[in-house]
Amino acid sequence: MAMVCLLDFEAYAEKYLPKIAWDFFAAGADECSTRDENILAYKRIRFRPRMLRDVSMLDTRTKILGTEISFPVGIAPTGFHQLAWPDGEKSTARAAKAMGTCYIASTYSTCSLEEIAAAAPGGFRWFQLYIHRNRAVSRQLVQQAEALGFQGLVLTADLPYTGKRRNDVRNGFRLPPHMKLKNLEGAFEGDDRSEYGLPPNSLDPSVTWDDIYWLRSLTHLPIVIKGILTKEDAELAVRHGVQGIIVSNHGGRQLDGAPATIDALVEVVEAVRDRVEVYLDGGIRKGSDVLKALALGAKCVFIGRPALWGLAYKGEEGLQDVLRILRDEFRLSMALAGCASISEIGQDLVQFSKL
Amino acid sequence: MAMVCLLDFEAYAEKYLPKIAWDFFAAGADECSTRDENILAYKRIRFRPRMLRDVSMLDTRTKILGTEISFPVGIAPTGFHQLAWPDGEKSTARAAKAMGTCYIASTYSTCSLEEIAAAAPGGFRWFQLYIHRNRAVSRQLVQQAEALGFQGLVLTADLPYTGKRRNDVRNGFRLPPHMKLKNLEGAFEGDDRSEYGLPPNSLDPSVTWDDIYWLRSLTHLPIVIKGILTKEDAELAVRHGVQGIIVSNHGGRQLDGAPATIDALVEVVEAVRDRVEVYLDGGIRKGSDVLKALALGAKCVFIGRPALWGLAYKGEEGLQDVLRILRDEFRLSMALAGCASISEIGQDLVQFSKL
Amino acid sequence: MAMVCLLDFEAYAEKYLPKIAWDFFAAGADECSTRDENILAYKRIRFRPRMLRDVSMLDTRTKILGTEISFPVGIAPTGFHQLAWPDGEKSTARAAKAMGTCYIASTYSTCSLEEIAAAAPGGFRWFQLYIHRNRAVSRQLVQQAEALGFQGLVLTADLPYTGKRRNDVRNGFRLPPHMKLKNLEGAFEGDDRSEYGLPPNSLDPSVTWDDIYWLRSLTHLPIVIKGILTKEDAELAVRHGVQGIIVSNHGGRQLDGAPATIDALVEVVEAVRDRVEVYLDGGIRKGSDVLKALALGAKCVFIGRPALWGLAYKGEEGLQDVLRILRDEFRLSMALAGCASISEIGQDLVQFSKL
Amino acid sequence: MAMVCLLDFEAYAEKYLPKIAWDFFAAGADECSTRDENILAYKRIRFRPRMLRDVSMLDTRTKILGTEISFPVGIAPTGFHQLAWPDGEKSTARAAKAMGTCYIASTYSTCSLEEIAAAAPGGFRWFQLYIHRNRAVSRQLVQQAEALGFQGLVLTADLPYTGKRRNDVRNGFRLPPHMKLKNLEGAFEGDDRSEYGLPPNSLDPSVTWDDIYWLRSLTHLPIVIKGILTKEDAELAVRHGVQGIIVSNHGGRQLDGAPATIDALVEVVEAVRDRVEVYLDGGIRKGSDVLKALALGAKCVFIGRPALWGLAYKGEEGLQDVLRILRDEFRLSMALAGCASISEIGQDLVQFSKL
């Protein structure tokens, strides 16, 4: 089977992963409207490609928070990589480094931050944080991440509680016994691990904007907030001093009915007025999707499920394949749209279809 | 089979109910466009969820006409509950009381109002009225309801004649002989019971707005009008002194081509300008639908078919399951949208998709 | 099989008619977009139904060109009724008379105008004219129709040439040898009857607006023009002195890509400003479709294919069934929308869905 | 099997061509959205047909760059005609001449320009140019085309690199060994012919608008630029002195997400303001599509895949069939829309559907 586009990796993963793992990765909240809209929304955006520009030299490099990446596609934080590949997040870290891009490691990793850091020394990584009721746990993780060389802290804002994913309920999904949330080992007493390997309700639903100041007090890392979908929250984020915003609906896994991220991006970018960097995740399946997101103002995009499919295919090597395909498709799309470098990608490159 | 969402109850009911009963409950007028639009219209509404608000304490309580309910979902009036479960409306009354919400008992109940009242003493109930040609019948029912402690009178305005439901015609639907419209027993002479267990044309198609005054003269109960779909009728309702309006198209069973209730809600709420309470029924299948309706100005929603599916599943217990799922989904949706209480739900929480 | 709605008659006709006849009646031009749009366009129109109006007495009567019909649905001109039922147009004439409505007999009838007139003496009929290259043929037909008591002359304007209906080409459709275009017998010399039973190109494609004056000189009958789809042509029709306009796209059989008639109606009605009566054919399948057309300004609608399905089912009796169902559905829709008579049907009863 | 419309030829070609050849001709970039939109976009355009105009004499002739063609449909440049029919482009040239229209021969022909010219002496032909890195190759081809009597030079602007066509990648598509790109024989050294029969990256991605001046210096032929989709590029094309613009997205084979050509046409025509001629290719499947394109301002349209289907059916004769069907459908559409000649086709003949 030739792996030509990201959908080939999806088909592979669906075929070879255990159903319970596939269902967990594929899950969306409720009726999965938002999950599916993330993808469909790209199809309603049309390019306005420009011709006869010199595209013999193509440069896909960009910088996020000052660090160069080889092309504007990073790895979004997702949990439980060992469900996809035995080496788990260690493979992810290696693939991201090999491809010269950024990997956001999740609090819910099945490898520890030390293991991740050791697997790919010098790699460009951010750490994604869920704030737990036990704030000491969170503080420790943030400080550990900084100490290990992670270069950014990503606060997930859209999960005060876990969304209702019907198939996970039906399957009674929980992490297999031989996998651990390594970053949280020992953090909780007792044996109940029924909620994704943690005691129920261990996350803190009382987190507010003021907790950005608390995080600020813990670390020198730049803070990126993930899960913003409105101009109002974008403004609040800027005012509370974050360095970046990831427009995200958690892959459609939290509030079903939330807008597609590419649709929400427009509103957020307009509100932010270049004061901080804006990124996006959700629905990226082709290089041209990346180009559309950049044209609408994203500095970089992140992939979630496609990275997991790559891992499921061949671990580090499979994820590199996924990233390489996206990079090559993105580069080709740039050329066919008349852009030789990232700086030439502007808003007049796209228009929303009236349909 | 795990009962995870309301659609599971629908599938159960379709599988286990006699076809003629299923068809009757499922029926819509003509091509069922309006019935189906009731559901589809929700999918065109997008949330604008807000992040980083303290949602550790969630309060779903609200009041309708001054009475508190534990969450803003009541039981819409539907007929013939014994078709779904042997105990019929008695089970419905018990489930509604147990879950702390309002049950609107139909004129076309297969249990009498006394039986309903006795089944769940102290429960919060309204009585739904069809006005019959024989006005004495209607007067007696209204006064009986008031005497039995029903706390509101709901006048159905959209059924001067019964809509054309093709499958009911094909099936030659009529109530099985062992079931009776208990509230109307003895009200009509003769044996012809061919129209839903009643003599044909027993409803009065000459009812007009002035009959609100007549009802007013019969009872001290607040009057709620059900079946309003336009701003003009909303204005008339307010002027005629009703206390509440249920935006309803009778589940799409009357005039096919009428708008989805969530679409009509906007126009009605705007016209009413908070002078009376506005409710809605039709198409509620998930907690997020409830949240959308409240964001657009409904004080409370009512469920029709899903209640029947709950009954068909396990009677009182099944209906409690349905209500509990809706309540939990609603609460989770509130939290994920950044609302800790009903009063925080506002119109800026939603927007209509351009598609 | 219960005949509950018009689609039941369609299914019957498709099942029992010879394929070549079914295909001919069902045919649309090219890809049948316009044929199908005629129906789909109704689904995009929403009612704004009004409640609590006295609808105990319902009156569906109206007048077209001064003659009363019992409800606003007539029989559109279609050819070759013997393909559907042995008695052909004689059955059609009887059914229309029995139901108290207007029948527009086609030039391409398989019964002669005399036979049609004799089959239902005193019936309300108009005669539909195609102008042939041999103008003497047309003159004679017009004068014969007037002499036989036809009360209106309908000029079809949209068939300078016959549209391309792929299945008819594939089937090599022609009239069976035992059927004749009785009104045109002897009108043409030679044996070539390859185009719908006539010599090829017998229709005159050079007809222009001035020919309205020529028709005017031949007859005292009111002239109705059929096939108008634009405001410009509506204005020309009024200026040339016609008494009525039928908004029609020939059932989608001529120019594929022409608008649905219910969409074009709005533009035509606006241009005509009540100076002449406006009718519509195309896509009427339910009583509520009739109500929508009247709300948008049509004085009456005409049915084409549904009449043929009625004939195919049981001749005169089957067509009466079709008309009766439409009448009853229309009456019920009126009542449920709050209209007791035709004069109460206004434009505020409908709105175009944004979708 | 009767060949009634162009889709019949498509079905034939899909059935009888080797899969690898069918896939190559059918291919679109990525998800084929643009390829499919090219066709779907026509369905969103409605005619505003005019009635009672004298259409007894129909004239479909027009001129492009001063040369008369018998109807406004030419043959777009496509490669590798021997994949469809053994005689390849020689058959194409003969069919185009026989039908009195223009054939744009591709750089990637499997017959040489001499063979093409000799096959149909005196035929009206343009030559399509890809500019190669080796500019001498391109210069020679242009001068050879002019010497051989080609009357126009068409520069393809939208292929700095080849689009990603998934099936071609899966199939490992390359030209069979017995076929040659005759115009490029001897132009490249070495044996690697892996990219469509050429060495990889032989096209020059550094071509810019200034190269129009270079082409101008090589030939007296009028220059037409193909692949323009925006008003900005249309303005640049006019300013750089081209004589014509073909609005094209390369049949959806280059940048997936580019607009349908009929949608882009409106913007280009408006920008050009009649300073040069505007043509279109992409999605033409029926005569009414041609009429829509002309109504929106195209001087002429070109067909790509349908020409190949015609070749695959019966070579020269099959392509004539395709052209004849399109011509007859176009003529009939003109008549049914009330246009007797090309000059009567105006913008008020169409409107974009709101849906």
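The first chain written gets the first letter, and so on, giving A, B, C and D; residue counts start at 1 in each chain.
Note that a residue touches a chain if its C-beta (ideal position, glycine included) is under 8 Å from a C-beta of that chain, and two chains touch if they have at least 3 such contacts.
Just so we're clear, the structure is a prediction, and the values are computed from it rather than from any experiment.
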Proportion of interface numbers common to chain A and chain D (over half same, under half different): different
Angular offset of chain A relative to chain B [C-alpha, multiple of 5 degrees]: 90
Far-end chain from chain B, centres as C-alpha averages: D
Whole-Å gap separating chain A and chain D, where each centre is the average of the chain's CA atoms: 42
Chain B and chain D: spacing of chain centres that average the CA atoms, whole Å: 60
Set of chain A residues in contact with two or more other chains: 355
Inter-chain touch pairs (all): A-B, A-D, B-C, C-D
Sites on chain A touched by chain D in the complex: 2, 4-5, 42-43, 45-56, 286, 288, 292, 329, 332-333, 335-337, 348, 355
In the complex with chain B, residue positions of chain A that touch it: 30-31, 33, 44, 157-158, 160-161, 163-164, 166, 169-170, 204-209, 211-212, 225, 227-230, 232-233, 236, 254-259, 263, 355
